[in-house]
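Each of the next two complexes has subunit A plus one more chain, namely subunit B in the first and subunit C in the second.
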Partner chain A sequence: MNADRASHLSLILDLSPAQWHLSSAPSNPSPLSLETFLSHVLTFVNSHIASKPENTLAVFGALPGKSVLIHSSEIADADGSVDIPGDPNSYRPFKLVDSVIAQNIETEIGGLYLADEEPPVALVGALTKALCHINRTYQTSAERSSTTQNSDAVPEPRILILSVSPDLSASYIPIMNSIFSAQKLKVTIDICKVFGPDTVFLQQVSHLTGGSYIHLEQRDALLQFLIMSFLSPPFMREVLAVPKQDKVDFRAACFCHKNIVDIAFVCSVCLSIFCSPVPVCTTCRTKFPIKSLQRLQSARPFQTGGPSGIANGVSTPANGSPKPRPATAS
Partner chain B sequence: MAMQKGASSSTSVKTAQHSLLPFLQTQSQQSLTRLYQRPSSCLSIFRLLDPLSRQLILNLLWLESPVPLSVMTAWVTTEGTRAFDDAVSILTKLHILPNPSVKLSLSPTFKASMRQAIIGGGTTASFGVPADAENKKPPSPANLDAYALERWETILHYMVSSGRGQRPREPSRGVIKLLTDSGLMSGSEAAPQITSAGFQFLLQTPHEQLWQLLLRYLVMAEERGIDLIEVLSFLFMLSTMEFGWDYSTSSLSPTQEVLMEDLRDYGLVWQRKAKSKRFSPTRLATTLTSSLPSLPTSSSSSTNTAAVASGTGATSEGFIILETNYRVYAYTNNPLQTAVLHLFVNMKSRFPNLVIGMITRDSVRRALANGITADQIISYLAAYAHPQMRKFNPLIPVTVQDQIRLWELERERVKSDSGYLYQDFQSLGDYTTLVDYARQMGILLWESPAKRCFFIREDGHNVMKQFIERRKVSGGG
Partner chain C sequence: MPPRRTDVDSGSDSDSFDESSKKAKGKTKAKEGAYAWEAKYTRSWDTVQEDEGGSLQGTVEGLIARRRRRRLLEPTAAVRRTIVRHLFLLIDLSDAMRERDLRPTRLDLTLQCARAFVTEWFDQNPLGQIGIGAMRGGLGDRIVEMTGNPQDVLTVLGERHRFEPSGEPSLQNALEMARSAMSHLPNHASREVLVIYSALTTVDPGDIMETLAACVRDRIRVSVVALAAEMRICRELCEKTGGTFSVAMNEGHFKDLLFELVPPPALRTGPKTDTRSSTSGADLMLMGFPTRLPASAPAALCSCHGAMRRAGFLCPRCRARLCDVPTDCPVCGIMVVSAPHLARSFHHLFPVKPYAAVYVELFSVYSLSDSRSSEQRCHACSVSFPTQTQQHQVQEGMSPFGRYRCPTCSHDFCPDCDVFVHDVLHTCPGCEN
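Up next, the complex of A and B:
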């Protein structure tokens, strides 16, 4: 097996105008505008293609209410419709990728309908499209040549999500489904949280697919972070220590109200999660006996479902382990 | 076997070094710095490096201040320490990382050019000046492929048929000189004969062949007094050019215009006329620094442009089917491939699109006598295996593999050494003392106490003579 294998990178850019507006606000400790962000990302993308001529790239944009394919090496190679005049001072593949990405993002953002309230960003849509793209392009060819020696000619796929939007609890189920597809496709998903608080679900995404999750604090050093943590393909990570999160928030969202819950009730038949006891499971239509329902109701300490340990509520593990008490000076 | 496995897993990221790197390491710092002034050269060298070195360069590329070595090593896992040290030492030898003992930072020239390569800009014009569109259309990719293939196969075919007294079309004088100089062919200027190195050369991949010739070309250029850096930067510029485009010769130096003639002979560049002001790189040139197939599928005859066009872009398909009964079916009509196969296959019959042959003891021994190794035969068969054969695991039938290796071992049954035979000893005492001494010195090759004679290595003869004389003196005195 040749260790120096080509790799495929699917890059998902979170392009929520509202969040980027907040991010570039001068009140931030280190403001980062979308333009600066994009210039860092384009340099990162060029470094990826520079590493090996066989490396391939796909860029997806998650916009409010829709997701789009911004650039794909396969498509760009095939039609060649983009006409960029030759420039003696730049390497043409880089220039091609950069101008296509910049141009498409500009059209997409320019074409947004500016409503008072921005619909949530279609991150899941972009993630699913990326997975489908990988499946279509690489998995079929990998299967065809899996028994032969040149299976390492097929690029090793991975996904990198650059996220700025907060968690969207409604997308819990589709995100979990994407995780399972990614695991099946053996795709590593890396997350870089460029702006905003940690998101529970994306942490789980990277943890379960063997990727790394980084919450960017020094945002002016975005490019350096991207290169050092996310440029190395998965096979290199045996040699290079890539930062992984030390603790993962494993909380789930309930199926009934899409709230993120610490403690929940789980259907004994189909494992659906509910924030309060229900007589009939909404997913599999299983009826629960009235008696056990009453017992569960009485066992709940707070009707609002506060985060405290109860014996018979089936709980998913809560965030982290109990914090160690500060040692007293002796 | 177990040990091998352990070793390979610990160095899983380490790959074979590209053949150009050792050559670059022999160059002086001044000339390398001159080479690094051009962004295209930096990008090409960067691509020839191993993955860890590449990552290291990129890590340091955007940093303004040097990084302490300890910070970088903290970022490498314990398994990767050795690979990391190797990477640092290679980069130091290439003068990309000057004095890495304490702090790491890229050489300023390299850093500036590499940055320019990645983000564009500058005025070096190192990626080639595209020719004006005017009314001349650039050659079609199919034509370029056909041209490169025709040139390359002419060279290989010339080599392979020289051993059999055929006279195919001759490549240019420069190519023949290159082949004889590199030891791939030897003999008179008019009719050189292929050497054992040449036979081995034929079984390599086009990529390896190309670099082997280019390396030799670089050495020759040095002897001819041509500026090496000009040659290298020209090659690197070609490798970063766009396939299927027309470039202008206006930015080339006079040396590079001379080089153009040679590279045209090898099929790396295409020009409409010798004095043309524009040139196009072929796929041989644009894939110099990648592992993409550098020649279109060569099973189609080079005159058939339509077939070449249909094969472009696709990876070159194999054409050989090998059965466990040693029969070889090669779906090809290409005289070159047939000729290469003929090196180790006994040909039986030939059809318009198919050649049938048999791997026999005689045919393999003939190849071995030419200096080809069993491993080269096996890897050639594997590299060009027909897609149908790729369903099998292992690809090459084990019986055939083993038998080819056994035939190779067969030739090594008798080992010859030159040396001296000592015999006609008067007494057993004399004999045993001398044999013991020879054994102690490690020069004894063979002994026979019954016949009272022994055989020692050639270089041990003087030691033995002195020993005997010392004994005579001490015995007599």
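Up next, the complex of A and C:
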């Protein structure tokens, strides 16, 4: 691994107004408002660009029902249209990035249609766009230049997700697809859970792509955590003692109700996941033998109180404690 | 040019190999040019033609167009995957691997074919796991632990220095190693060993017939692909355990033999007593998804070996400590698998609809009513669309504007993203908002 290789960071910001409202509520042990959060993020972003002149950056925003590209080094370079008045007290590239990001986030949030019920945040949309962006900008160009000479000229890509929303069990399948694409592109995905309970799926994302997952406890120290844990490219982290992930929950969401389940019934033909025994697989239309249905029905009482997810209702993702039953062992 | 040769060759080689194997699966083996090694040697750069301006743009676009068309032709019928398979690949790393009767050498060919084999195998057996062992210096050498991540296996297979041949092979030691690596596996998982054997001898510490009997008892299916000639013990191993034995005659034949082992073996009525549901093979399985404990977890006795361990997994039903998944929980008997292993097959279940090439200039018509038509950038990667149309040499299935529209969310995507979304990501960024 070449230590001189530049790195590309795709930053995904979870900008759910509802969650940020909760996060800044004074009743929290350590309230963190969106403004403070953004100022920390901007400093972090500047440190990333400052670490190496060739480092590149893309910032994506996940908003309710919508995901947008907020800033990208490639596109900003190509446009060169942003006109920011000079400020003798700040380094111009920082100033450029800061004001573009701040402006765009402001317009995006300002343009949100305020409904009674906020649609879920399009985190997966932002994640898939980040992967497409990395594929287009870095992978395709690496392929094309690989015949000429070194691939070190191409920045090493990684993704950092700053999440505040709970698990979106409806997007389980796209999240899993994104994980395998990231593995193929050799992109590590880091997760920083800034607010709210741990999310099962994001834990799996970071674990399977070789990134780290950090649940932020001291939220006023956000910037310190960002710089200590996520500024260094992945190959440096083996040298630095970066906080390691604690437990990883390998649970899945059932296809029938999108509940998060830890015990499930799986079709042996297509591997679809169901939370209760079904006579016919809804995905591949395979009929299952009656005998095994009866056998599985009788095996169910083991699950005290039925599948864990059903108690949480159909539409609400399992927020609250990530463990449906308290761990007795360990 | 010459220094580029190896590079270009190996790349194009594996590609064309993949394609031909896929075709062979779908239809009968009605290949036009018989086997690859009978065809004339073609240099891949000869097939690339520059246009009048000396640019390769046209060719590149042609390649993309071909891929697009191929995708549109693919059948959309339901895919059938099979249950859990486990394969231990034993590669002979004795001195006999240095032979050059198979080009470039037996070893290089084996590693090259093994990479293609592993990719294809994981594609067809998403819940499967592969481990790799080597036979050298009279010992069995575990190179890759059983893993469900194809990338792990492929990375190691790419590290040539880890496959340095030396000494004599020991079939018995290697089989014992493979047997112990698969001892924890769940009951209805298949256990298979694939031996790529180059030597004509084996140096064993004991009676290999005992190992053979143990393999039969553990229902391990041993298949051998020999690179040199038939050996009696190899044939017997395969026959007794229900595997296949074959001898590779040349490079192409060797690849074919390996790829014949990719599809899951037919359910055999061997020592297995359970044949009730084997008629269709379809069944509903009860599975548990565990919690993985970090290496910093407090040590506890594991339920599989009774040993003190820190890292491990927790059975979701009884919270017993397990060393490895997938496995049958020794306490409550549930099959414990990690859910991401299941997820690798999801993209077969819910494919993204093909994007339609945009032929007609719609911006002027819709610019007032539908703001989407005026999107200036690819919805996924945000790279601007070309402003000028490339009316010259537009091929069938290609958009003159470089725009491809999702029929579901009607966002426009660039050709790069179109290919990436359908071949790798399997999720439309537009439909996900």
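Convention: the second predicted complex is superposed on the first by the 295 of 330 C-alpha atoms of A that agree within 3 Å, B and C clash if a C-alpha of one lies under 4 Å from a C-alpha of the other, contacts with A are read in each partner's own complex, and residues count from 1 in each chain.
What we mean here is this: a contact is a pair of C-beta atoms (placed from the backbone, for glycine too) under 8 Å apart; a residue touches a chain by one contact, two chains touch by 3 or more.
Owing to the predicted nature of the structure, the values given are computational and were not obtained by experimental measurement.
In the superposition on chain A, contact is made by A:L223 with subunit B only, not with subunit C. For subunit A, the partner that touches more of its residues is C, with subunit B and subunit C as the two candidates. Within the superposed three-chain model, A:K258 lies out of touch with both subunit B and subunit C [touch as defined at top]. Using the contact criterion defined above for the overlaid structures, shared-chain residue A:S171 touches subunit C, although it does not reach subunit B.
After overlaying the two complexes on the shared chain, residue contacts for A:L69 are found with subunit C alone; subunit B is out of touch.
For the contact definition in use here, the residues of subunit A common to its subunit B contact set and its subunit C contact set are 147. Residues 65-67, 69, 72, 74-75, 78, 122, 124-125, 128-129, 131-133, 135-137, 140, 147, 171-174, 176-181, 183-186, 204, 207-208, 244-252, 261-274, 277-278, 281, 283-289, 291-293, 296, 299, 302-303, 327-330 of subunit A are the ones that touch subunit C when the two sit in their complex.
Within the complex, the subunit A residues that touch subunit B are 2-4, 43, 46-47, 50-54, 85-92, 94-95, 98, 145, 147-150, 153, 223-224, 227-228, 231-233, 235-236, 238-241. Those residues of subunit C that touch subunit A in the complex are listed here as 4, 7-8, 78-83, 126-127, 149, 151, 276-277, 280-298, 300, 313-314, 316-317, 319-321, 325, 332, 334, 338-340, 342-350, 377-384, 414, 416-417, 420-421, 424-429, 432-433. Across the interface of their complex, subunit A is touched by residues 12-15, 39-40, 43, 46-47, 50-52, 54-55, 58-59, 61-63, 74-77, 79-80, 83-84, 116-130, 240, 242, 245, 251, 287, 289-292, 315, 382, 390-393, 395 of subunit B.
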